[in-house]
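Right, one structure below, let's go through it.
Naming follows writing order (A, B, C and D), and every chain is counted from residue 1.
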Amino acid sequence: MMSTQVKESKKQDLTSILYLDGVSVSFDGFKALNNLSFVVEPGEMRAIIGPNGAGKTTMMDVITGKTKPDTGEVFFKGGIDLTKHDEAFIANLGIGRKFQKPTVFESQTVFHNLELSLKGEKGVMTTLFAALNDAEVARIMEILGVIRLTEKAGDLAGSLSHGQKQWLEIGMLLMQDPDLLLVDEPVAGMTDAETEQTADLLRDISKTHSVVVVEHDMEFVRALNSKVTVLHEGSVLAEGSLDTVQNNQRVIEVYLGR
Amino acid sequence: MRITIKTIIAALMYLLATQATAYADLADAAKGLLSKSYNEKIAATEAIAATGDAQAALLLETLLSGDLYATKSDDRLVYREKTGGGYQIRDIVTDEDLGVVKSGDIIKIRINNRMRGLIKDLLGRLTLLNEDPALRLKAANSVFKSRPKEMIVPLTDALAAEEDASVAAAMRRALAALNFVHGDTTEVQADALLILEEQANPDVRSLLSAEANRLAAIQDPSPEIQVLATAVSKALAKVEEKLEMLGLVENVFQGISLGSVLLLAAIGLAITFGVMGVINMAHGEMVMIGAYTTYVVQELCRNFAPDLLVYSLIAAIPAAFIVAGLCGIAIERSIIRFLYGRPLETLLATWGLSLILQQFVRTIFGPTNKEVSSPEWLSGAWEITGGLALTYNRIAIILFAAAVLFMLMLVLRKTSFGLQMRAVTQNRKMAASMGIRTGWVDAMTFGLGSGVAGMAGVALSQIDNVSPNLGQAYIVDSFMVVVFGGVGNLWGTLVGALSLGVTNKFLEPYTGAVLAKICILIFIILFIQKRPRGLFALKGRAVEN
Amino acid sequence: MLGLRKVAGAITGAAMLATSAFGLGSAQAADDVIKVGVLHSLSGTMAISETTLKDAVLMMVDDLNKNGGLLGKKVEAVVVDPASDWPLFAEKARELIEVEKVDVVFGCWTSVSRKSVLPVFEELNSMLFYPVQYEGEESSRNVFYTGAAPNQQAIPAVEYLMSEEGGNVKRWVLAGTDYVYPRTTNKILEAFLKSKGVAEEDIMINYTPFGHSDWQTIVSDIKKFGSEGKKTAVVSTINGDANVPFYKELGNQGIDAADIPVVAFSVGEEELAGLDTAPLVGHLAAWNYFMSVESEENDAFIKQWKAFIGDDKRVTNDPMEATYIGFKMWTQAVKQAGTTNVDAVRQAMYGQKVKNLTGGTAVMNTNHHLSKPVLIGEIQDDGQIETVWRTEDVVVGDAWSDFIPESAKLIADWTYPVVCGGCEKPMY
Amino acid sequence: MADAMYKTNKGPFVSLMTGLPGGGKTFLGILLVAALLVPLSNLLLPASSPFHVPTYLVSLMGKYVCFALLALSVDLIWGFAGILSLGHGAFFALGGYSMGMYLMRQIGDRGVYGHPILPDFMVFLNWTELPWYWYGFDMFPFAILMVMLVPGVLAFVFGWFAFRSRVTGVYLSIITQAMTYALLLAFFRNDMGFGGNNGLTDFKDILGFDLQATGTRLGLFVASLIALALGYLVCCFITQSKLGRVLIAIRDAESRTRFSGYRVEYYKLFVFVVSAVLAGIAGALYVPQVGIINPSEFSPANSIEVVIWVAVGGRGTLWGAVLGAFLVNWGKSYFTGSFPEAWLYMLGGLFVFTTLFLPKGIVGTSGTWIEKFKERRRGSPELAPAAAVKEE
C-alpha cells in the first residue's frame, strides 16, 4: 500500500494533510461544488460554515470517496489521491467521518459499536476469527471515558439520547484513530451544556488530530476558535479567523441577503 | 344470410335453365348428401355446383354454415328457424314450408374439412359476379387459391366488367395465377409473371417456388424453358424480398403488442409497488379479478341483454376498474396500512392474500377456465397485404395500453388527487401537516393501482386463460418490468415494457421462445448491475433506503 | 445445564403434535368401509384439469353406495390435495396408503406426478388408476393405465390426415409443450412419418414452455411453413393451459381448418369450454371419447354428471371416461375377487370388460393398458367435438412403442410366463 | 471487570463454548433427542404403540429437516446481513440436482432401457453419449463436492456482481428472483440434459443402500438432523463472531460500516456464499428422501415460501427460522390432507396473521415478551435486532 502512495505523490507541497484543488461536482446540471480549493495543515482544526446548499456535505462526500469529482484533485497526506479510492479504503487510510444525522449501530451495545470501529485489519477472515485483547479492551474503555458513556457501555446504542449518539459516533471515529476527522454538524440538537462539552471534546481531539468541522452554530464555531472557511455555491467565499470572515462584505451579503 | 342468398339468385339469373327441370336435377344431385360416406357427399357437392342452379349457391351456403338438415321421416333437405314450439323447417330446394318439427325429427348434415374447402371454392366461383364487392373479392381470392383451368374465361369476363379497383386487382392477380399455371405458351406465362412478381403474398411465393422446382427438374430443357426458369427464379426472389420486409414489420408489431401486454400487466404494479413501495404479490390476483369481472359482465349481457353482448367488453372496463379498485381499497385499509415502512412485511402479507384470493375465485367460479368470447370487431386480422396481417385484438390491446397509460398520467399530473398523491409519496409528514388526509390518499392510490390492474385483466381475458392462475402467470414479469424501468416512474415502466417486448420478439426466431426469455432475464440481471436503480431512477418510498 | 426439562417437554409436545397431525388416531381403518384414495390437484396449475376428475370419482363412489356399496361395505372416498407440487404427490400417496389405509388410489394427471408417486406404490404394493392419455414407455405392476397410449391416439390421427378423406396432408408441424409426453409422441410420429416417406424438410418440430401465452411468432411461422405449396397440418401436443391462447391466436391470424388443420391430443371439451370456438370449427382432436357421441351409456353418464355437479353447462371429457372405466373395472374386479386385497384384485383385473361410453367394450390387458376405440372429431362452434372418423374395432394400448428402437424390443405382460413390465424375454 | 458488564468478544470459539444465543442449547438438545428417539421408537416400539413413529413419518420429518436447513440459510443472510434473497430455492435445487445426478448414475443398467451408462431420459432423447457435465457424478465424493461447489460458485459469481455494484434492497430481491426464474426455464428444457420437466427420478440406492429400506430412511433422517445441527452451529459461529456484528452493522447502517473501513461487498459475498452452500446441502439431503428432483424447485414461488417460513418463525433468530419451516410445512401437510378444499385459506390466513400480529415472528415476539418479564438482561444480539430491524 505504501508503494502506491509514493507512486501517486505529486509536485504540490507534501506537508498538507488535506489538499483540494479545483474540485467540481455537478448533479444533472446543478453544480454542487464549483472549482473548490482549500488546504488543511496537519494538526489544524478548521471550521467550515456556509448557508444550506453551499456544498459542505458534498465536499465531505468527495473527500471520503462517496462521490467522485468531475474535475479537480483531492490529496491526503500530500501524496495519496483520494479520488482513486472507495470509502472503506479511505477510512482505513485514516480519515474518519461523522454524519450530519448521527448514525450508530442502533441494535448493538455501545461497547460493540466502539469495538466495530477499532483500528486494524478489516478483512473478512480476520474479522471472523477476531478476538479482543486486553490492550484493545483498555482502549475501548478509555474512549468510553472520553465520550462520557462508560456507564452506558452495555446499553443498546439505539436507547441513547440524541446528544449521546453524537458523542458515540465521535467516539467511533476516535477508535479508528484517524489522522483527519470530518465532523458534520456535531452539535445539532444539543443542549447548550452538551454543546459546551462537545466543543471542549473537539478541542482536545484537535491537539492530536487534524479536524474539519462543518457547523451552522456561530457560537459553537467561536468556541472552537479556529480558522474558518466560508463556502458559498460550491466554492470558497472567504477564509480566516471568525471575526475577519464575519466582517467580510460578501459573507455578510450571502448571509443577510442583498 | 338472407341478403347474400337473394343477391346470389340475382347474380345467377342469367345462367338459369327452367325452374322445374333445375329443381329436379338439384334435388337428386343433393340426394348424395344424405350418405354416410364423405366421398359420396363430396361427389354430391360437386354435382350440386355443376347444376349451376340458383338454389345451388343457397344450398351450399347453408351446408357450409352447418344449417342444413334432413328430415328423418322422408329424407328431405331442409333449413330450420327456431319457433316457439320447435323448429320451422322449409325445403332447401323448393323453399316449401314443411311446418314445425322437434329437434329430434331432423338430423344435421355433417361436413368435414375437405368438404369445407371444396364448398368455399365452388361458392367462390358461383359468386364471381355477385353485386356485393366483398363477396366478389372473396370469390377472386378463392379462385386464386384453387386455380381451376375452367375459370379462366369467366374470370376474364368478370374482370372486364369489374369497376371496383381493389376487386379488380385481386381478379387480375387470380387471372395471372391461372395463366401462369395453365398458360400453354411460355409468353403467356412470362406476362403473368410480370403481375405475380409484384405481389407480396405467401401463396404467390408457394406458387412460384413450386413452379421453379418443376422447371428445374425438367431434363435438357429447351431454351425458352430456360428463359422462363430464370424469369421465375427472379420473380421469386423479388417476392421473397418483399415478404422479408413484411416479416420485419410483423416482427416489430408483435414485439410492440407483447410489450403492451407487459405494460398493462405491470402498470398497476408501477403504482402500488413503484410509488407506494408495497411489494404487492397480490397484484396478479387483481388482474385476475378484472378478468373474472369481464366474464361476469359478459354472462349478464348474455342472459339479460343478448343484443348488447357486442359491447360487453367495453362495459367490462369500468366494471373491472371499480371491482378491482374496491378490492384494492379494502386490502389497503384492512392490511397494508399497518405495514408502511416495512415493505417486506407487505410482501409476506400480500403473498398470503394472493393464495386466499386464488382459492376464493376457485371456490366461487370453479377451477376450470371460463369463456370470455371476443366480439366480432376484435376477432380476425387486418390484411394489409397477403403477406402482412395484423390481428385486431393485438391492435386493440396496444391502443388500450396506450390509453390506460395516458389516463394514468393525466390523473397523476393534472388532478388534485395526483398532486396530493405525489405529495404523500415525497414527504408524508409534511403532506399530513398540510392537511392532506394521507390515510385516504394511500387508500385511493392503492385502489387506483389495483383498479388499473383490473382493467389489464379485461385485456388479458382476450388473449389468455381466464382461470384462477391467470395472475400468477404475470406477477414475475410485472416485477421485472417495473424494476427494469425504474421503480416509481411510469415512463420507465413504458420504455421497460416495450423494449423487453420487442427484444424478446426479435430473439425468438433465432433462439426459440424459452431461450429468448432466459436471455431477457439475464439481460435484466446484468442491466441492474450497471444501473442499480433501473432505467429511469426516480425517488419513491420504495427506494428511500 | 442442558435444560433437560425443557427438552423433555418439547419432545412430548412434538410427539403429540405429530400424532394429532398425521391422524394416527384415524389410522385404524374401520373394517366396514372400503377406502378409495383420490390424488388429484385441487389447487395450483393443474387444478384446472384435475378437479374435474376428483368430482368424477366422487360421483362414482356416490353412485356405488346408492347401489348397496361394494362387498356389502360402504365405500368412502379419501380426498387429498397434492397442490400441483410433485414431491407433495409422493408424500400424499404415502399418507393415503399408510395412514388412511386406502385400498386403491385414483389419481395423477401429469407424467411427472405419476413418476413421483410410482416408487411409493411399488414399495407399498398398492394400486393406482391413472386416467390420462400419456407417453407410454412404462408398465408398472401397481399402476393401471386407463388413458390412451400413443398408438391409441397419435398414430391413428396422423393416418387419418394422410388419407384422402383427411385431406392427404404432405407437410407436418409437430408443435408441443416441452415435456416428456410431447417429446415422446413427436418422436414416435417422426419415426412413423418417415416410415411413410415424408421428407425431413417437410417436418417442423417446435417446443414451447408450460403456460406459454404469446403465440404470435410461432403461429405466423406455422403460417409461413404452410404456404410452401403442399397441404400442411399441425399436430399439437400443447399442454392444456397454453391451448387457449394458442387457439385464440390461430383464430385471429385466420388459420382456417380448411387450409391448415390442427389436430390436438390434449384438447378436449373441458379446454374448449374456456374459449369461443367459432373461429376453430373444423380443427381436429383425437381421443377415445367425445361428449357428442350418441349412446345410451354416454347419455346416462352425461345426465348423471350434470346432476351431480349441479351445472347444466358442465361438459364431460376423455379422462373422465377413463376414470369411469377404471372405476367400473376395479369394482368388478373386487366383486370377482371377493376382496380388496391388491394382489387378488390385480389378477382379477386382467381381461376385465367394461362397456365404453362410446360403444364397444374396453378390455384390460395384461400390460395394464386398455383396448379402446380411437375417435377423431372436428371442433364445432358449440364447443363440442363431432366424430368424423373412428376405428372399426378397439385398439390395444401399447406400453412400449414399436417406433422407438430401444423400446420396440421390450414386452410388458404381468401374467405368467413373462411377469414383467419391460423385459426383452420372459422371466420364466 | 468490563467483561462482567457485557459480553466481550473473546473470539468465536469462546463465545460458542460459553453460550449459544437464546434457546440455542434447548434447540440442539431437541435435535439430539430426536436423532436418538425417532429411530429407536421406529425400530423397537410396536406399530400399535401411540409413540411408535411410522416410517413414512420419518421420511416426512426428514424432508422438514431439509427445509429447516434451507430456512436457516435464508435467515443467515436476511436476518443478519439484511440481504433478502427471493431466489434461494435455486441453490437448494442445484444441490438437489447434483445429488440427483449421483443417484441417477447409481441406477446404472437397471433403467427401463437397460443402458449401462445413460439415464433413461437420455436414451429416450437419442443421446448417444453422456454430456461432459455428467462425468464424475458416479463418484459419491465428487457429487458431494459438487453439492457444495455448484451453488457456492453460482452464489459467488452472482454476489460478486450484485454486491460490488451495490445493488441493494428490492432490486437485489428482484434480480435473485430473475436468477431462479431463468434457471427454472433453463432446466425445463429437455435439451439441457437434466430430464426436463420430469427431472431426475426413479432412484434405486445411495452408497449401495436401498432407498426404499427403512434403515436407509432412518439413516438419511439422522444425517439431515446432523446437517441441521452443524449448519446451526456454523451460523452461530458466524453470528457470534465479530463478523456477525459487522453483518448486523451492515444491515442497520451500511454506509456507516463503509466509513468505519469495512469492505461491505466482501462481507455480503462471504455470508451469501456460505448460505448458498448450506442451501445446497439441504437440497442434496432432500432429494433421496423425496425421491425426485425437478425444475419446479426453482420456481420463484418456492423461494418466496422459504422467506415466509423464516418470517413466521422469526427473522434473525436462527432456530426461529427452523421452527417456522417446521410449522408451515407441517401445516401444509396437515391441511392438504384434512381440508383439501380450504387449506389455502388457512395457509394464506396464517401469513397475513403473522405479519400483522407477530411482526417479529413467533420467536422474536415471544422473545420480547420474555424480555418484559426478565429484568434488563441484554446482550444477546440475536434477539434484539429483530426489534430494531431496518427494512431493506
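Note that in this section contacts are C-beta pairs under 8 Å (C-beta built on N, C-alpha and C of every residue); 3 or more make two chains touch, one makes a residue touch a chain.
Note that the structure is a prediction, hence the values are computed from the model and not measured.
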Subject >> Both-way neighbours, i.e. chains that touch chain C and touch chain B >> reply: D
**OP:** Please indicate which chain is farthest from chain C, where distance is taken between mean Cα coordinates of the chains.
**Re:** A
Subject >> Computed distance of Cα centres, chain D from chain B, in Å >> reply: 46
**OP:** Report the inter-chain centroid distance for chain A and chain B in whole angstrom, where each centroid is the mean of the CA atoms.
**Re:** 66
Subject >> Rounded Å distance, chain A centre to chain D centre (Cα mean) >> reply: 43
Original post:
Rounded to the nearest whole Å, what is the centre-to-centre distance of chain A and chain C, using the mean of the C-alpha atoms as each centre?
Top reply: 73
**OP:** Send over the residues of chain B in touch with two or more other chains.
**Re:** 358-359, 472, 514, 517
Original post:
Listing for chain C: what residues touch at least two other chains?
Top reply: 42-43, 178, 207, 209
Subject >> Sequence positions of chain D contacting 2 or more other chains >> reply: 185, 188-189, 341, 344
Subject >> In contact (per the touch rule at the top): chain pairs >> reply: A-D, B-C, B-D, C-D
**OP:** Would you pull the chain D residues touching chain A in the complex into a rising list?
**Re:** 2, 5-6, 8-12, 14, 238, 241-243, 245-246, 248-249, 252-253, 255-264, 266-267, 270, 378-379, 381, 384-385, 387-389
Original post:
Mind pulling up the chain B residues that touch chain D in the complex?
Top reply: 279, 281, 335, 338-339, 341-349, 351-356, 358-360, 363, 472, 476, 479-480, 483, 487, 514-515, 517-518, 521-522, 524-526, 528-530, 532-534, 542-543, 545
Original post:
Which residues, counting only chain A, touch chain D once they are in their complex?
Top reply: 64, 66, 86-88, 91-92, 96-97, 99, 103-109, 111-112, 115-117, 122-124, 127-132, 137, 140-141, 153-156, 158, 172, 176
Original post:
Touching chain B in the complex: which residues of chain C?
Top reply: 42-45, 47-48, 51-52, 164-167, 178, 206-209, 211-214, 216-218, 220-221, 223-224, 227-229, 241, 244-245, 248-249, 251-254, 257-259, 261, 270-271, 273-276, 278-279, 281-282, 284, 378, 380-381, 383, 386, 388
**OP:** Could you pull out which chain D residues touch chain C in their complex?
**Re:** 25-26, 29-30, 33-34, 37, 50-51, 53-57, 59-61, 63, 112-113, 115, 121, 123-126, 185, 188-190, 196-199, 201-203, 211-212, 290-292, 294, 296, 330, 332-334, 336-338, 340-341, 343-344
